[in-house]
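Each of the next two complexes has chain A plus one more chain, namely chain B in the first and chain C in the second.
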Partner chain A sequence: MENLKIEATQYTPEIDFNSQSSVLSIVGKSYPENTFEYYKPIVNWIEEYLKTINDELLRVNLDLEYLNSSSLKAYFDLFDLLEIAHDEGKNIQIKWIYDEENDISEETGEDFIADFKSLDIELVIKG
Partner chain B sequence: MNISKIRNVMADEGIVFSFSGMISQSLTSFMVETAKLQLEEQGEDGKLIRNMFLIAIEQLQNIMSYSKDKDVQNGSNFTSPGVMVIGVDKEKNKYYINSSNQIIASDKNKVSEKIDHINSLEKDELRKYLREKLRSAEDKHDRGAGVGFIEMAKRSSEKLEYDFEEVDNKLYFHIKTYI
Partner chain C sequence: MSDTKMIDELVSLKDNFTTTIDKLTKDLKRNKKIMERSDKQQRKEYDELQRKLQEVEALKKEIEETQQEVVFTMGSIGESRSKETGNHVKRVAEYTYLIAKHLGLAEKECEMLKQASPMHDIGKVAIPDAVLNKPGHFNEEEREIMNTHAQLGFDMLQSSKRPLLKMAATVAYEHHEKWDGTGYPNKLAGEEIHIYGRITALADVFDALGSSRVYKSAWNDERIFTMFKEERGKHFDPQIVDIFFDNLDEFLTIRNLFKDLS
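And then the complex of A and B:
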């Protein structure tokens, strides 16, 4: 599949997928008003990508400084999608990256780990 | 109109940031980023600033989504009239975010019930409640997960304060959140 690249705006993150390295990285703030509409094409793209892979590793790096409540839901739904793919045998590694001082982001990562027990989610403090 | 009256009210109420008018997404972003910079320049604690930022976003996006007289532009972008202030309560020595907008009268009970329930929960229960709501998606709609008040309560150091006011047959909703 082709690479995916969406530039950041003041309230949406940079989204980058490199099909060579199979790394999806999302970095920045996320507080759009029409969140689900905004994320729909990205979620669709990930769904399509998951269909094309077998046992190769997909790495997902999420570094989200601020999430509004609708973005929380959008990422909850993304984790749902990844969990289904994982249960179907896809190989997925997720890194939840946060600033050491940002305990809100740390807590969000902990909640995702608690809610998606079968997924491989690692909390990573930003270096 | 005497502008110094407004300045005096703002000084008395400890208001450091205020807006009244049509609220849109680009304005929301501009306001929260500006308020964040302002608090950073004052040397405020990073955690306080993050809580302020997130609460202000939820309040402003609530106004945009639920205001009675919202305008829809380009299919999915809303603008709605509202008022928001950020200030320092001198007695409590705490920042607060206070906003107001006109709501649909039939939403009144639903909003009260929702906030009363949230206010009955402790912090750890709120964390659990939010996760339940995200999973069940029972309050989800086109533009949000219906969990904005839970998020505000999680970020706040006190219970959510709210009331309704009827003026000329219009119903206004006010919410105040202390950080």
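And then the complex of A and C:
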């Protein structure tokens, strides 16, 4: 699988997948004008990628300081995908990275943990 | 259809139904959660925005008040060295605003002139005390020295890039020009004199005549009005003299409001 790299904009995060290390990292803010259109190819890409892996570890690092409501919805959908893959036996580790002072982001991470009990999600305070 | 088959189908339907309801319930709960999270975020953002806006407003007010004070202080420096009171510049400021308003200048321009006109005599800081505070009349040489304050004020202010100080430079430069071309420093006539200069000329003279100075006592109103009528189209722009008489009560109200303490 090839690397994936989408640069950050004022309204969208940087998205980076390194196929060597199998780390998908998404960093920044997300409040695009058309959230669904923006995330559709990315979610498709991840869906295709998940089909190609067996038991190797996929690490997902999410450092999202700001999400509008439709972006939050998009991430719930992404977690759905990851949960299905996990249930199929794929090895996935998720880090939800947040700033200590960003209560909203911390609570969002706690929501994901509560909603996706079978997934391995770790809350990490930004150093 | 046999009963067994029917039972099987009903069980299958029930299972499908339960799965669908479960999925719908899950989606609804999730949407509710997303809405709640977003509402909380929006409330926080809006509070923050309001707070920042208030901060900006307060800063804007602070800047404007500081500017106003600096302008009045600068103006008063020129005045205080010639033993005139700080209220002179405040009255001139108000008169120039009033005239500009009645001339139909834009509100922003009127406000700006009110800020700039107090600096009309700033050039006097460079006039020697012996001349500036001399009681009685000037001789020709002293008069010439005194008259340089218009050019001096212009030189002090003109290099500024700030629109307010540029306007003040014009006012300082042209407030002693006369409509008939007999003023100084450039003997400009009529509309060659900038409107800010023409406005400030009348405002300044009206206030100066009504106040007592080291070299003269205050004129009474009748004497001032007679002089203004005579100087209509000579010293002063006739339109501005007309505005003055048409709105006399407003000028007198200002004079009363910013009276000198004796």
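Brief remarks on what is shown
The rule is short, and it goes like this: the second predicted complex is superposed on the first by the 127 of 127 C-alpha atoms of A that agree within 3 Å, B and C clash if a C-alpha of one lies under 4 Å from a C-alpha of the other, contacts with A are read in each partner's own complex, and residues count from 1 in each chain.
The definition used in the following text is that a residue touches a chain if its C-beta (ideal position, glycine included) is under 8 Å from a C-beta of that chain, and two chains touch if they have at least 3 such contacts.
What you see is a predicted model, and the numbers here were worked out from it, not measured in a lab.
Of the two partner chains placed around the shared chain by superposition, chain C is the only one that A:Thr108 touches, whereas chain B remains out of contact. Looking at the shared chain after the overlay, A:Glu37 reaches chain B, while chain C stays out of its contact range.
In the superposed model, more residues of chain A are touched by B than by the other of chain B and chain C. In the superposed model, A:Asn61 makes contact with neither chain B nor chain C. By the touch criterion stated above, A:Asn91 is placed in contact with neither chain B nor chain C. Contacts of A:Gln10 after superposition on the shared chain: chain B is touched, whereas chain C is not. Of the two partner chains placed by superposition, A:Ser22 touches none, neither chain B nor chain C. Contacts of chain A with chain B, set against its contacts with chain C after fitting on chain A, overlap at residues 68-69, 72-73, 76, 104, 107, 111, 115. Of all residues in chain A, only 68-69, 72-73, 76, 104, 107-108, 111, 115 touch chain C in the complex they form.
Residue ranges on chain C touching chain A, taken from their complex, read 30-31, 33-35, 37-38, 40-41, 44.
Chain B contributes residues 25, 28-29, 33, 46-47, 50-51, 53-54, 57-58, 61, 64-65, 76-78, 127, 130-131, 134-135, 137, 140, 142-145, 147-148, 150-151, 155 to its touches with chain A in the complex. By the touch criterion given at the top, residues 10-11, 31-37, 66, 68-70, 72-73, 76, 101-104, 107, 111, 114-115 of chain A touch chain B in their complex.
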